[in-house]
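The structure is given below, and queries will be raised subsequently.
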Amino acid sequence: MERERLRALLGAVQRGELDPEAALERLAHLPFVDTPHARVDTHRALRQGLPEVVYGTGKTPTQIAEIVRAQREAELPVLVTRVEPETAARVLDAVPGGEHDAAARLLWFGPREVPVVGKGLVLVVSAGTSDLPVAAEAVGAARRFGNRVELLADVGVAGIHRLLASSELLRQARVLIVVAGMEGALPSVVGGMVDKPVIAVPTSVGYGAAFGGLAALLGMLTSCASNVCVVNIDNGFGAAHVATLINRL
Amino acid sequence: MERERLRALLGAVQRGELDPEAALERLAHLPFVDTPHARVDTHRALRQGLPEVVYGTGKTPTQIAEIVRAQREAELPVLVTRVEPETAARVLDAVPGGEHDAAARLLWFGPREVPVVGKGLVLVVSAGTSDLPVAAEAVGAARRFGNRVELLADVGVAGIHRLLASSELLRQARVLIVVAGMEGALPSVVGGMVDKPVIAVPTSVGYGAAFGGLAALLGMLTSCASNVCVVNIDNGFGAAHVATLINRL
Amino acid sequence: MERERLRALLGAVQRGELDPEAALERLAHLPFVDTPHARVDTHRALRQGLPEVVYGTGKTPTQIAEIVRAQREAELPVLVTRVEPETAARVLDAVPGGEHDAAARLLWFGPREVPVVGKGLVLVVSAGTSDLPVAAEAVGAARRFGNRVELLADVGVAGIHRLLASSELLRQARVLIVVAGMEGALPSVVGGMVDKPVIAVPTSVGYGAAFGGLAALLGMLTSCASNVCVVNIDNGFGAAHVATLINRL
Amino acid sequence: MERERLRALLGAVQRGELDPEAALERLAHLPFVDTPHARVDTHRALRQGLPEVVYGTGKTPTQIAEIVRAQREAELPVLVTRVEPETAARVLDAVPGGEHDAAARLLWFGPREVPVVGKGLVLVVSAGTSDLPVAAEAVGAARRFGNRVELLADVGVAGIHRLLASSELLRQARVLIVVAGMEGALPSVVGGMVDKPVIAVPTSVGYGAAFGGLAALLGMLTSCASNVCVVNIDNGFGAAHVATLINRL
Amino acid sequence: MERERLRALLGAVQRGELDPEAALERLAHLPFVDTPHARVDTHRALRQGLPEVVYGTGKTPTQIAEIVRAQREAELPVLVTRVEPETAARVLDAVPGGEHDAAARLLWFGPREVPVVGKGLVLVVSAGTSDLPVAAEAVGAARRFGNRVELLADVGVAGIHRLLASSELLRQARVLIVVAGMEGALPSVVGGMVDKPVIAVPTSVGYGAAFGGLAALLGMLTSCASNVCVVNIDNGFGAAHVATLINRL
Amino acid sequence: MERERLRALLGAVQRGELDPEAALERLAHLPFVDTPHARVDTHRALRQGLPEVVYGTGKTPTQIAEIVRAQREAELPVLVTRVEPETAARVLDAVPGGEHDAAARLLWFGPREVPVVGKGLVLVVSAGTSDLPVAAEAVGAARRFGNRVELLADVGVAGIHRLLASSELLRQARVLIVVAGMEGALPSVVGGMVDKPVIAVPTSVGYGAAFGGLAALLGMLTSCASNVCVVNIDNGFGAAHVATLINRL
Amino acid sequence: MERERLRALLGAVQRGELDPEAALERLAHLPFVDTPHARVDTHRALRQGLPEVVYGTGKTPTQIAEIVRAQREAELPVLVTRVEPETAARVLDAVPGGEHDAAARLLWFGPREVPVVGKGLVLVVSAGTSDLPVAAEAVGAARRFGNRVELLADVGVAGIHRLLASSELLRQARVLIVVAGMEGALPSVVGGMVDKPVIAVPTSVGYGAAFGGLAALLGMLTSCASNVCVVNIDNGFGAAHVATLINRL
Amino acid sequence: MERERLRALLGAVQRGELDPEAALERLAHLPFVDTPHARVDTHRALRQGLPEVVYGTGKTPTQIAEIVRAQREAELPVLVTRVEPETAARVLDAVPGGEHDAAARLLWFGPREVPVVGKGLVLVVSAGTSDLPVAAEAVGAARRFGNRVELLADVGVAGIHRLLASSELLRQARVLIVVAGMEGALPSVVGGMVDKPVIAVPTSVGYGAAFGGLAALLGMLTSCASNVCVVNIDNGFGAAHVATLINRL
């Protein structure tokens, strides 16, 4: 119990056995005491070597540039998601030195080559060409998060042979991200072919009864393959984050 | 009876008792001519050799027995769908001579072997064991409608090899009915493997985000295989009807 | 033309050139007799003195102008709904002589004052100022359809005294159209104050949980006042049509 | 009682005991004047010769019997809706003299033959046999409300000739109630065949994508026939109420 | 800054200026240190004189009895919600001394008369008789929470005069709970008549397009009266809790 | 004017020109007495010192300016919500003297500093930076309504330490407004930390399964903290109104 | 290339360089044999004489032109769907020789007259003028797929006589595509008039409760005509594909 | 058996009886080679030491017993999910030697203690007591799958201190399963406290706007913590499967 630990610590300080500064440090490591440690905790991602991530939608180029500049002045990498070319250009005017991946809509400020710390291969599999922007977001984020990443694109289930031809690659992956719109069936098929965790990303690709990704989302949640878990519609970044944490285990 | 009225009218014109213009006016006020042709039209199914079909849900055994008896007295076959064992037993008590297929929930009064008039194979493919009642309804109805039918069961997409092992059978079919619950991905995969029309039947199998078959329904409607069309949730009979019409072409 | 065909057939019977039984068979194969009566039926509205109505959404000014011109050449009135000012101006350039009611988004070609043939007062009641365009469509259409119409606006249920102050007017109406968005409660209150039929029109006014008129629609359908019936969201014209038919009884 | 308070107040003014201005102030603070007129208003239905109506769902036989007995003691008719046979039997045990229409689920206490005061024919049209309970509720309620009523049953749109054969009857109606489940298409077709108001009643008949009547409800609201208005799912009574008010105009 | 306060405190302990036990107490009052204070915090309701509340749905009589017994042994009151008569009887067999309010489905163990500590009147207003169980839950819970409570029942908006007749009572309330099913219009009307906070409770009363309370819920959320806030469908208890907190201010 | 009619009627009674019984009958037919009291009621907000509020969406600058000018000529304050900069500029051109809070989208005409009449602190808590416009609307409106207001921003639940660090501030509030999009979890956590009423405001922030605020709305309605009530999506103004009424108690 | 690998392996067995058992093991580890047969399968459409189809939405003119050019260089026909005029013009600038059907939004590169290989008539029936673009897509695609196609337009169910007048044409069709928005009732009526398979296409035409095609979709899925199957909202192309496969049987 | 067919074919090539090109053609027509490798793949779970899992819902005790007996005769473990006590008793009567965990609704046939092969701790965190059955399913399945598992129950977000008090335990986990109903906020808070993958399981606990788990599901999908992925409502087993695969990495 925390109370006893506290009493012992305070007794040690009283008896001169423990220096106040050392006691302070220990307290700083208690989960709920709002010390620099706690604050650093809010930057947990950073301590892990993960870049700070900014969700770009709804932010002006000026706002993005301000956040990026603050990070860069602290010599920290920063990844901005959902950045269209025009916005990227204006941010890069204000804060040079970044690179924009238009397909992935990612704006990156940091080392060109991020050292690989993930233990295995993160494989991003995508169904149709329209799913590529979401798949690219997953690929780009996972790479910036220090993973070895490969993309297996255009292997929708209506042409199952294309997927089967890559079964060797599927089995080499340590964790898989599967991106699909429309009926979202791909994660079920992939999930049945591997014995690794599959992170499914429904996309808003499709029309009519696709209902903006709802069909794919429901399909993935009810997958008959039980090694599949799901993130939000179009959330390539979220899938990359979960995959990164798994790949570092 | 309308036919008699028409005969009388035309006779009167022939005999000169009725002016053609007056006859024209009378005919003009009949919204449609209720002739044998028209009436037979309401029994179109019958003329085609299709049995009369009764939807059993919500009908009492007495009501079903009455309908069946009327058909039997006219020496016509009749198929009752969605009949549970207890109801079937009570109908068969009242009108002997039928047979109940408990798995398919079908109650059949007619020849034990229906002559095959469909030109090719109707193949019913089903995903999981829980989808079997709907698949069985499709199989049973298609057989009673005069088709050669085979059932390929338990080939869900999470074990894609089981499906692929039957690709030869898939290609032999002239028309396919594909039954699946949960994410309903099977029609997309089958649709990609054949060049024949695929009738997809979503089932209400599943829980949670399956939402009573909605996930499978939306998935099938947004299938990336464009040779797939869809009937209502759990509507094995409807799929069999459409397949029968196709198979007679 | 069907009438000619019939006349010829009956003439042949009269002249003894055609046997009545043979004529019977021929008639039996006509699915319905396409006589002037039937054809006039498709122009039923016209015969009743109701103007032809064109739904303007999705039509180009050119398309609208063509339809209008055809009607005008036949000296028939025509009412176009959902016409924004710019479209109206271009149609009026092409076919002069109409008048545009911008608030109601109605474009009218016909007599400036339509004779009143409805037997009583059609009262249009609306909740908020944002519901006015839909209320105005109902008012404008009902007037063009030959009704005496009054508008009681801005009597939302959150200020119930304003509505009660007009209870005398409410009771004078022969049929009421009640237009409301957001929670759509007004028809329930009005329905409880009168013993006349109430036609409720939900509007798409509102945000968030209004879900484009769904909240108002569901509210009106479940009204605790049982003299309320409902038309589609924003369908002021439909309400005017139903009210007109009632008011002519 | 408010009437007495008012009489006393006005008497005091007459006798000069109360200044008109003071009386004005007192009246001003009554939120509304609760006079016999107002109170009778809550019994508006009664004054019109309409029977009191009790919604039976969720009420115990004892509760229903109490309400009925109170009405019968005042020699007033009363109609209870949604009453299953067992409940009806128990109510009739407690309060004899009523009659139960099992098909319509209506329990009626009042004259066996209600005098007809409606001006024309109320025609109830229903699509399938499963829609009959709702149609019967509409028929039964409309009759108790003093209308001449006819039922045209089993004229679903998939057998359009049956409906067309009755077009003469359709045109004789002064107001039509059209009851349909599943896709709910019947009101659109009927609406196109008549120039009278059509009250559409969606039913909860159907399974799967019928979603408990939602499919029929949406279909009727979006009807391409603009003389159609809609009441709640399965609300045969509500349709009868609106039709009655229209038929008395 | 917390770090400075901690450093100062630890320094004081080191210098012998502060006793470790006193330091411990001070730390115990920091929000995040898991001390008795924090634990008491989890019993915040209790400290305020609010009874412990147990949600009864899905719990067996034995489970409820266990929880109740533990509270009673600590001489603490406890309120169990959503308890049907049979369950109540079995709990009361196991733990005598409670009272069951069947209408409100509340089972109460505590003083028969709870002292009133709320500052004003909590008025519960309900629309139809079917809404009474939810209204009764609100009334019963609010009373057990120490409020003076009145119930104004059966004042649905389709009979607006009944509501207006009680406007004086409405104005006397310090906080109002308004309970309604079907279209849920009552809170809008009440909200427009008072200048106090209105807590709206949608109920699952209704059928068809009521969709289990969804119609009422959406209606209340989009209320044109802006002094209305909403709790979950059928959540009479939650409304009572919020009203209690407001009434103690 | 109703008051004059009443005065005349009472005068006639006083003068003996009208019999009290006759006067009684006349009064009985007024549905409610439209006296100054009633009329003032429609301006209830004004009497309370609350400014008139205009919902700006869908109104043209000209329409807004007209309303504002009328209020200003009566020397009354007025608050316009949802006003974008361009509209604000045009209104301010037409009616000088107001101030526009762009972040809150509020346009205010009235005293720069509104006197505080609320009894305690209204604390507005918001989750993410994207929720700030809604939070700002709540802050701005609550201030104009005479409350002391503070904003605690950017304390989303995924960084729970930031929220806990402010627990002292949370406890100082008399009423709390909690604004959150996405999963809308913040009100549950805040609700568990305070014993004051919490008004939750879901925002339309988020994508995919956020469904325009639906996820947050449902989450808040089903909050496990029972001291939470909810207003419409993005309805910062409504939350401020309810909070103001509570804070004046 | 797999075929080469297989040839080499089999050659090694023939030459005695590889043991059959070892060859067996190697083959066993290929998940599927990627032979010409399999590969040609991915071009199945091509082998059947069906043109390659590209879904144009979301693709830039440059991307479309690239795909088209590749096909044209292989002297293969290609059909691009959902192409607006501006895009078409730019693609045709880059790759001359195609023709754009603006009504159908189809861009076609191939023989002007495609030889008819389908065995009978594909009849496309459409309800309203707003449904024409979807119907035109079905007509255009079915023609390019080698079918004899006719279009029966503007036969909505509210004017049932227009449809009945064409019953002869309906009966001539071998397979029917029925396109309708709003309540989507047309397939039910047509389905009842023919004994051929009906492919229903809901369109997104309509407003309010049409919910972007949902009303029509649900209506078609719950059709009381059991010879109806359904494709996605606005999916004229998919209907044409299914009809083509049926028409080649 | 396919292996035999292949062996024969390769033998024929070796013996010169079959030309390699002919063999190539034959192989080309096998869609995939059904070898032991492929077949073992369908029993992948088994090879990994994972027990066979049977979904119990909708299966009779007899059906379950048959499946279990087949596995037991092969000396293989088997886990049946969603088994209520009565069913379990009947299965255990038929196949002794299993054990039923009633809280988790799991029926297990296999070693009493499964050896731990997962590398770290799988921590299952659950919000309310009603969520315990789903949490227990996750705990029970994860244990049978060879993981060290702990359960941290009853730490809902409305009592955030209880969760924070266990932050040390949270950080010890290698992978977390977080189970919550109602608003489903717990995964967001837990996700913010750890740097490990979090698998969120929404439960169907709650009423009204919980919509059978929809509120929790949407909340978890839109979580502001990006290390959260989601499985189907109530799918404790699926979460355990994903966690097991992660924990074996």
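In this document, chain identifiers A, B, C, D, E, F, G and H correspond to the written order of the chains, with residue numbering beginning at 1 in each.
What we mean here is this: a contact is a pair of C-beta atoms (placed from the backbone, for glycine too) under 8 Å apart; a residue touches a chain by one contact, two chains touch by 3 or more.
Here the structure is a predicted model, which means the values were calculated and not measured.
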{"item": "Interchain contact steps from chain A to chain H (minimum; 1 if touching)", "value": "1"}
{"item": "Intersection of the contact lists for chain B and chain H", "value": "A, G"}
{"item": "For chain C paired with chain G, centre-to-centre distance based on mean C-alpha positions, whole Å", "value": "38"}
{"item": "Whole-Å gap separating chain A and chain B, where each centre is the average of the chain's CA atoms", "value": "49"}
{"item": "Per-residue multi-chain contacts in chain H, two or more chains", "value": "29, 31-32, 38, 41, 159, 164-165, 208-210, 217, 221-222, 232-233, 235"}
{"item": "Chain pairs in mutual contact under the definition given at the outset", "value": "A-B, A-E, A-F, A-G, A-H, B-C, B-D, B-G, B-H, C-D, C-E, C-F, C-G, D-E, D-F, D-G, E-F, E-H, F-H, G-H"}
{"item": "Contact set on chain E toward chain F in their complex", "value": "2, 31-32, 44-45, 48, 53, 119-120, 161, 164, 174-175, 193, 195-197, 199, 217, 221-222, 226-233, 237-239, 241-242, 245-247, 249"}
{"item": "Residues on chain E engaged by chain D in the complex (per definition of touch)", "value": "130, 159, 161-162, 164-165, 167-168, 207-210"}
{"item": "Residues on chain D engaged by chain E in the complex (per definition of touch)", "value": "31-32, 34, 38-39, 41-42, 57-58, 202, 204, 212-213, 217, 232-235"}
{"item": "For the chain F and chain H complex, residues of the former touching the latter", "value": "127-128, 156-160, 164, 182-185, 188-189, 191-193, 206, 208-211, 214-225"}
{"item": "Of chain D, residues touching chain F in the complex", "value": "3, 6-7, 10-11, 13-14, 16, 19-21, 23-24, 27-33, 35-38"}
